[in-house]
Amino acid sequence: MNLPLIVFFFFSFLAVAGAVMVILAREPIHSALSLILVMTALATLYLLLGAEFIAAVQILVYAGAIMVLFVFVIMLLNMGVEERTDFSKLAKFAGLPLAFVLLLFIAHWLWHSPVAGAAASGPGQTTGFSTVDLSRLLFTSYLFPFEATSILILIAILGAMVLARKEE
Amino acid sequence: MPILNHLWIILALPLAGSAVNGLFGKNWSKSAVNSVAIGSVSLAFLSVAELVREFSHLAADQIPYVGNYFTWMTAGTFRVDFALQVDQLTVVMLLTVSFVGMLIHIYSTGYMAHEGGYYRFFSYLNLFMFFMLTLVLAANLIVMFVGWEGVGLCSYLLIGFWFLKKSAADAGKKAFITTRIGDFGFTVGILLIFAVFQSVDFTTIFKSVAATPISEGVLTTICILLFTGAIGKSAQLPLYVWLPDAMEGPTPVSALIHAATMVTAGVYMVARMNPLFSRAPVAMLIVAIVGAITAFYSATIGLTQTDIKKVLAYSTVSQLGYMFLACGVGAYAAGIFHLMTHAFFKGLLFLCAGSVIHAMGGEQDMMKMGGLRKKIPITYWTMLIATLAIAGIPGFAGFFSKDEILEAAQSGPHANLVLWLLGVVGALLTSFYMFRLVFLTFFGKPRYDEHHVHVHESPFNMTVPLMILAFLSIFGGWFAAPKLIGGIDHFEKFLDPVFSMYAPATAVVSVRVVDPNLLPPGYSAPTPGMDLLHALTGWPVIVGILGLLVAWWFYVKSPDTPKRLAKSLHGLYTLIFHKYYVDEIYAALIVRPLLWISTNVLWHVVDERVIDGTVNGVAAAARESGGELRKIQSGNMRSYAAWVIIGAVGFAVLLFAVLGMR
Amino acid sequence: MEFISQHPILVVSIVKIAVLLFVVMTALAYLTWLERKVIAHIQSRWGPYYVGAHGLLQPLADGLKFLFKEDVTPPVSDRLVYTLAPFLALSLALTALALIPFGPPSVTLLGQPVFVVSNIDIGLLFLFAVTSLGVYGVALAGWSSNSKYPLMGGLRSSAQMISYEVSLTISVVGVLLLAGTLDFNGIIEGQQGYFRYLPFIPRWHIFPQIIGFLCYLTAAIAETNRIPFDLPEAETELVAGFHTEYSSFKFAMFFMAEYANMITVSCLATILFLGGWLSPFPDSWKWQLYLPGLGLIALGLYCLVDTITTMRGLARLQFAVVTLLCLGGGALCMIPVVAGYIQGVFWFTAKIVAILFFYIWMRGTLPRFRYDQLMSFGWKLLLPVSLANLVGTAIVVLYFIMRGAG
Amino acid sequence: MNVPVSYYLVLSAILFGLGVVAFVFKRNVITVFMSIELMLNAVNLAFVAFARARNQLDGLVFVFFVIVVAAAEAAVGLAIVIMLSRNRESLNVERVDQLKF
């Protein structure tokens, strides 16, 4: 009986199912909810991988902020179900096979990646990453990207305000 | 020494005048334009005078005095400064140009009084003065070349002043293009000079050529190339054809540019480059030959012309020929001397002709004139003086200069009897057609309709310059007078440093230097008494008087003689009358083939097919492919996404298959 | 069986969850009772009185009523989401509580701490993560009802929650700077002891972080959609806001979720600012061990008097039971060992109750904000203040670190 | 007894592929946005998995950055979406095709 494996498969199933739902759902809200499902599932997988901080951030920022924004906007506009137009023949016919081919390539490479064999999670695995080290890394070697990102955020806020403001 | 330290002032004045008139003169009153134009030129003349005063105080070793203002351009070893220089030659030229120029400006105010584009005319005229003075003052070939081309431009602008008249516009173009041919040679010459001497600076060139001997072949080539430029500019064979047509321009322009100043630039240049020429005997010979032949040839054409200005034009050509003859036989001083006197009397002649035309209300055909003697006395007398001067009648300016030239051709170091003979015959013809002109114009019965044409003497501001120039035409040559009675030719004496400073040891610079230490070895000064007699009874005088008499016989005594003569020598007459069909020959040999090639090859094939074809083809290709490719930009984001994926897959395939990432 | 022995954590966790659920549910129920009572007394009424003595059985009655009422689902609604929303709301609210340590970790069972369901070293972050999901309940409920008032309510609440979550988080960061950890136990133990120069004041973060505390409290009220920030369910404007269309037990779930959230934020406030399960008194005061017992006994005595004097009939019987419970519990708590165990929980509960009382008090006192006021207050006052507090704290902390280092 | 990294990697690949498909096949602007987020998530998973495999924290840092940037992107993007729906009464990306030849 292998608990981590069970957990992994359960949540990866959830994630994939959610992703599929994102595609199939016609109601944007449903897509959003499915995506939230995917994200939470991934968060759990992160926990399984021992990345607690990332898991928390994943939920907090992604599910808790970004997706809330999405849901909020969907509700605000409330444009109803999406219409299934097919003006782009290219996308209609070539899209799926191409995506599949791409998926094959990526999967192939990832599967044969040198570290793929390593054990990721489970009893044989060292305990999770320490948040302290992570933050130390973030504020030393990655200080500049960090600051840059914060500036990016600031600009994004301003941009969003300017864009969404109703001009009188 | 205000002016000497600021030579640029002399240039700045006419340029400023030209700019002011050209930019603002359009709506100004004539008097305002006059005051600007004449003011600037007269100030220029005054500063030149001041310059001469200052120059006279310079020590011998300070000459030439060079004023270097700024480095114009540098490329590697090629370095050109905007530098001006003053030496005796420059002084002479400056005085002549600025003074005659000033007079002609004044004259123009009267002559052009009723013309349109008044301000334009004076703007051009001032501009011309600027460039001419630049040419004269230049201290290196490049600056000289600027002036050289500048005067060419102004000549073009002024010949085509009445550009609405097709013939005028064509004449302008013809002048410009023809001189361009010569200028090409000049340019090549300059480049060759730089290649040889690593400098375009006069002093440097001369010093080096004097210090280190250069192979004569190179020097000859250089000199011939330079002389090509001179041929173009000074209307020598075979490039003289533009000058007669240039008479389309207003008469003052003909006087200033095509008699007094610009056309003499070639002579000036040759004289300026004398250290080179003196070391290239072949080139010298060529110069002399071309000069002599031109002198004779164009004189013959002058015989039959009936247009008063055309006659003067051909006589100008022939007189320029004399100057080159002088230079060719090494008598630069004589050449310059003749240049100056010629500036006086030929300028005067043109102005008088202008006055006549003015009086006749625009009529230029001598056959429709006659008997104007009483009606316009001032013009008549001044013109008579000028004619006497050009005919070389003793006592007048022309006598001294022409006499010196022929003297040099006869007995100078490079003496050549054939050339001398040509010169003498030319002199005969000259005096003949000049008096022919005078007699046809002022004597005999009026051949025009007196009821329509109201002949009237020109206004004050036109006659005064005439008189001044007449005065100069008489006394302008008397510098040389003392020589006749065994004294010194002051003019030569004055110019001597320029021509002797870098002269080769063997060459004899001037013909009659009495200064013993300037005498070449094996050359003894003749005795004074002989000189006077010899000069007065010399061939030039004789032929001059002979020409006068013949002309008198033909056109006053028995006016029908010429016609009979023309009948009897019909072939020759027509040939000469049509100027030896030179224009036609040129047209047949050069112009038409050129046109044909330009039209059928360069235009219809090279330009239309090749160049336009290429350009249009490229454009068309771009448009077509764009027209096809733009369909990709459907504006539909989904297809964009699909394209992105296609790209990604393509890249993946590249990595996998080609770069072997497995 | 051997699987369970291999994984004791599962067993203990399940047990703990069960207990927690029971306790919290009861607490929720009686919190409503408490609220109604308090409000009533503030408005000089009696409040629930007839169902059971002092209306003590009122919550039970309400629960039954909710259970047995017809569950109406609007036909035009999006069924899935409509059903999902209340479950989401309640489950998230309860999940949050799983992270709260109600007592010291020293008390263990099978090597697992008793008073906390799951103890993560970045518990606070997870708590926020979970609470941040709370908004979905409301928003989805509002949307799925497919009716305009709920939609408005949902929009408002999601906007409001997003806005105030920022201030909430930032106001807490000051404490984190002081504590230097995200682990609840760590934070609480960091508040042990007294200030050096004011030996009678415990080193709770509320004192250095008073501004942060106030910001937190305000933001928390807004997060829980309580008066004066209860715009999403402003009955005067939106009938009942996002749960207008809900009825019976789904409605009850929202109801419980709201109170559960109140409890959660109170717990958080307690942990972060009020020293969690720490007692305000020095450990040297042994007698404080008996405070819980004494309190209960006192309560029992009051009830006894009340029973004898005022109660009649069935109520008297019920109240007698209550009395006995209180006295018995008090007696139990007087046993030193038990008292030792109870200690932390007692203080924790006491503090929570205090904060909850404050909540109710607020509701009884304050009027409702206007929507634009709400927003401008959140963004233009609360956020800057909490930011300033954060920066100031950071500077001070840095200064101390420097001095410590130098 | 434990999960190999390759499982996670393949899972992330699958999620990414699904994200791509969603990106092509969703018509609603907002859902297209979501599909981008989905792809980002997949990549994040790969990052974390690799970080786990190499026991290096840098992967996590990158995930952190990705999330932050995603937040910024969502803010701006959704603002744009709002503008879009204001100006044209449709969120269908195939109906927003004015920007073409």
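Note that the chains take the letters A, B, C and D in the order they are written out, and that residue 1 is the start of every chain.
The rule is simple: a residue touches a chain if its C-beta (ideal position, glycine included) is under 8 Å from a C-beta of that chain, and two chains touch if they have at least 3 such contacts.
Everything numeric here is computed off the predicted structure, so don't read it as measured data.
Novice: Weigh B-D against A-B on C-beta contact pairs and write down the one with more.
Specialist: Most contacts of the two pairs: A-B.
Novice: I'd like the most central chain, judged by C-alpha centroids against the all-protein C-alpha centroid.
Specialist: The most central chain, going by mean C-alpha position, is D.
Novice: Measure off the straight-line distance from the CA centroid of chain B to the CA centroid of chain C, and report it in whole Å.
Specialist: 110
Novice: Distance between chain B and chain D based on Cα centroids, please, to the nearest Å.
Specialist: For chain B versus chain D, the centre distance works out to 83 Å.
Novice: Quick check: how many Å separate the C-alpha centres of chain A and chain B?
Specialist: Distance between chain centres: 88 Å.
Novice: Quick check: how many Å separate the C-alpha centres of chain A and chain D?
Specialist: 6
Novice: Where in chain D do residues touch two or more other chains at once?
Specialist: 20, 24-25, 27, 94, 97
Novice: Touching at least two other chains at once: which residues of chain A meet that condition?
Specialist: 53, 57, 65, 69, 74, 76, 87-88, 91, 95, 99, 102, 106
Novice: Hunt down the residues of chain C that sit against at least two other chains at once, touch-wise.
Specialist: If we look for residues of chain C contacting two or more partner chains, we find none.
Novice: Looking at the whole structure, which two-chain pairs count as touching?
Specialist: Between chains, contact exists in these pairs: A-B, A-C, A-D, B-D.
Novice: For the complex, give me every residue of chain B touching chain A.
Specialist: My answer: residues 634, 636, 638-639, 641-643, 645-646, 648-649, 652-653, 656, 661-662.
Novice: Within their complex, state which residues of chain C touch chain A.
Specialist: So the residues of chain C touching chain A come out as 3, 7, 78, 80-81, 84, 120-122, 125-126, 128-130, 132-133, 135-136, 139-140, 142-144, 151, 154-155, 158-159, 161-162, 165, 182.
Novice: So in the complex, the part of chain A that touches chain B is made up of which residues?
Specialist: Listed in rising order, the residues are 87-88, 90-91, 94-95, 98-99, 101-102, 105-106, 109, 112.
Novice: Along chain B, where are the residues that touch chain D in the complex?
Specialist: Residues of chain B touching chain D: 630-631, 633-638, 641-642, 645.
Novice: Touching chain A in the complex: which residues of chain D?
Specialist: These residues of chain D touch chain A: 1-22, 24-28, 30-31, 33-35, 37-38, 41, 44-46, 48-55, 57-58, 60-61, 63-65, 67-76, 78-83, 85-86, 90-92, 94-95, 97.
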